[in-house]
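Below are the structure tokens for one structure; questions will follow.
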Amino acid sequence: MLVKDVICILFMLGSFFLFTTATLGLLRLPDFFTRLHATGKGDTLAALWSLAGLAVYHGFTLTSAKILFIAVFLFLAQPTATHAISRAAFRCKVQPWTLAKGGEK
Amino acid sequence: MIRDSQDVIVKTLSRLLVPFMVIYALYVIMHGHHSPGGGFQGGVILAAGFVLLVVSHGLEQTRKRLSEKAAGVLSSIGVFIYAGIGALCLILGGNYLDYGKLSKLLPVVPAEARSLGILGVEIGVALAVMAVMFTIFLVIFTVGEFQEDDRSEK
Amino acid sequence: MILPLDFILILFVFICAVAAITIKDLLSAVVILGAYSFLMCLLWTEMAAIDVAFTEASVSASIGTVLMIGCVAKTKRRSKD
Amino acid sequence: MEVTLLLEATENAFRIMEKARAHALGVLDTAVQFTGEQTRFMEEKRWQVLFAGAQRRKTRFQNFVGTALILFAFWMLLSGHFDPFHLTLGAICCIITAYLFHDLLFANVRVGDMRVVALRFLCYIPWLIQQIVLSNLHVASVVLRRKMPINPQIITFKTKLETDISSITLANSITLTPGTITMDIRDGVYYVHALDQKVADDLNAGEMEDRVAHIFMEADHLYVEDVLDAARIYDALRV
Amino acid sequence: MKILSLITAVLVGAVLIYGTLDMPKWGDPHSPANTHVSPYYLHHSLEHTATPNVVTSVLADYRGYDTLGETTVIFTAGMACILLLRAGRKRRGKGDV
Amino acid sequence: MNDFFLILSVGMCVLVLFCLYRGTFGPGVLNRAAGISAIGTKTLIILLLMGVIYDRIDMFIDISIAYALLNFIGTVVLAKYIETTGEA
């Protein structure tokens, strides 16, 4: 068992945990905007961690540089997609769930 | 949909992302020999870059780079490149699309000539696919827009 | 070929296909078709057909969805049956 | 290396042109001493117009070269084949792409020292990643509780950032960090959806905004060196 | 009507699945597709075309006619789209746009 | 190590199932789009994991870059359509 394998396994397990919580949030949270909180953040960081783990596992080559570029693109694109769709919902006057109106979806 | 987006974030992000998307598409086209990909996939990604430009920056900004007329001409040129390479092989004394005969024109061995012929064909396919996809997108999204313009004029 | 992934992905593709044809809202059907194409791409990759997977990815992730949204925009949003 | 060489070359050419202009103006000065003020003014005007055109062409050329070099670096990273054939293909592709999109990558960039901006941005990233990790743990802890302690609300605040690149950096950072999503930007007013009361209070302190302003050198009029100082002075100014 | 179409779809699907039972197994080295032309292409592709990716060499070189036809089909589809969808605009008297 | 990646990708597929629930049954288009974008990210990671399992990650990485670049177009176009028509 090499050191890089251990690092890779740790990164992967962490990212899997984050993916699980993001999915749980997607299922459990009450309305659309709060669900976006779960997916928009959790998936981005989880993807970053798994990409880092794979880059460590693969070693220092051009391919791992490409993997890091995927991470850069994800970090640019994922928040923008989240923002675009939440803005569409906001402009369409989708009512956000609040504690006062609790219970109704 | 053809008008430019009012959103600063989407606009800026697509401004930063479109050149990389286009260079990636060109990479996919040119490196069909060594990695997955080729003319069709690269052409589609190229068209996607232009679509993103239309959606974020509007039709006017895109027309400066690739107008509808140019897209129509490019789609014909793509098919022409493909068929023209085949016909060139026919003229040089081989069968249709037998790229090995291109080595009479180029200073390489026949195997290399076939590789180059494949590259030329891929470029033709990519141009045709890109232009056709972009044209279909524009045609679908402008059909209703012009009707609205008519109504507003009356 | 990885057998467990194969069965799981086929199940998902089946779910997506059934959902896409039974749903009333056509825009939602287009969105679900996007998920169908993702899973289809995974299926191709899993069978080691990389070029086909690449075609599926590039076509359906960008142009396919956009053109279908355009068709929904130019026709009606709700399906009758 | 090549970047600096090319930029230096354009700079040199520009300086030579400027010298020539000064020389010509001196010659003109002696020549029109006898012909009155009016013609001299006209000549000056024409030179200025010519000069502005040259300036625009110079910036366009610099944008073209910068875009082409960045794209070529990206191409080398993607390609992995360093034989002359593939490098030539890459150069051709980069020139075509840079010709098509030369005004996209560098639009609305403030004239400033790019190296300092890049360095500060690199220093900003670890802080951002730390914040993102905290945010994810926060969301995870919210989701894993049996009764989720959420109190969603929409808060608005006005920003002092001017260029669009800095405002999107702020917006994306807000989207990525604890419990907040940027929903809309209208005329510099941010509409932010917050998951929790505490998170909303944190956002109103405005530390992130100061950091972003510090990166893109938009807090220069505050005359501060340190980020924390900037935060304090900005708070003092706001109240 | 819905029931009828469902029954038709299920019947056709059942027939198709029955048809696939007779096919060779996935990746079977003794199936006809894997014994005649495939080994030839796999062995000689690199020396014939100097292209490491066999898929590309098969698509664009050995089966070049197919790809030419494919490109022509796409081109024709684009032209058909332009002709069909642009026709409505001219009728409304805005031919100069 | 291969077994670990295999188990991880199967687990990721199970997560895809939960996202698919939100994608198919979620009320309204917006919830569906959120679920589908979550599926997109997971797909990207599963692709890379499969690349490691088949030991040809240099081949599979191109598809992943394509997804990272293109995944965003569909969401942006959908958002713009919803915004222009005004019905969620």
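Here are a few things to note about the model shown:
When the chains are written out, they are named A, B, C, D, E and F in that same order, and each has its own residue count from 1.
Here, a contact is a pair of C-beta atoms (placed from the backbone, for glycine too) under 8 Å apart; a residue touches a chain by one contact, two chains touch by 3 or more.
Only a predicted model underlies this, so the values are computations on that prediction, with no experimental measurement involved.
Any chain bridging chain C and chain D, meaning touching each of them, is among B; the list is complete. Listed here as common contacts of chain B and chain E: C. When the C-beta pairs in contact are tallied for B-C and for A-D, the bigger tally goes to A-D.
The chain with its Cα centre farthest from the Cα centre of chain D is E. Annotation: 18 Å between the Cα-based centres of chain C and chain E.
Centroid to centroid, with C-alpha atoms defining each point, chain B and chain F lie 26 Å apart.
Computed centre separation for the pair chain A/chain F is 11 angstrom, with centres defined by C-alpha atoms. Note: centroid distance chain D to chain E, computed from Cα atoms, is 46 Å.
Within chain A, residues 22, 24, 36, 44, 46, 66, 69, 73, 76-77, 80, 82-84, 87, 91 each touch two or more of the remaining chains.
Counting partner chains per residue, chain D shows two or more touched chains at residues 78, 171-172, 182. Residue numbers of chain E whose C-beta contacts span two or more other chains: 55-56. Across the assembly, chains come into contact as A-B, A-D, A-F, B-C, B-D, B-E, B-F, C-E, C-F. Residues 17-18, 21-22, 24-25, 28-31, 33-34, 36-38, 40-42, 44-46, 62, 65-66, 69, 75-76, 79-80, 82-83, 86-87, 90-91, 96-99 of chain A touch chain D in their complex.
Partner chain F is touched in their complex by these residues of chain B: 1, 5, 10, 14, 17, 20-21, 24, 28, 35-37, 41, 45, 48, 51-52, 55-56. Of all the residues in chain B, the ones that touch chain D in their complex are 7-9, 11-13, 15-16, 18-20, 22-24, 26-27, 30-31, 34, 65-66.
On the chain D side of its complex with chain B, the touching residues are 67, 71, 74-75, 78-79, 81, 86, 89-90, 93-94, 96-98, 100-101, 104-105, 107, 164-165, 167-168, 171-172, 182, 185. Residue ranges on chain C touching chain B, taken from their complex, read 50-51, 53-55, 58-59, 62-63, 66-67, 70-71, 73-74.
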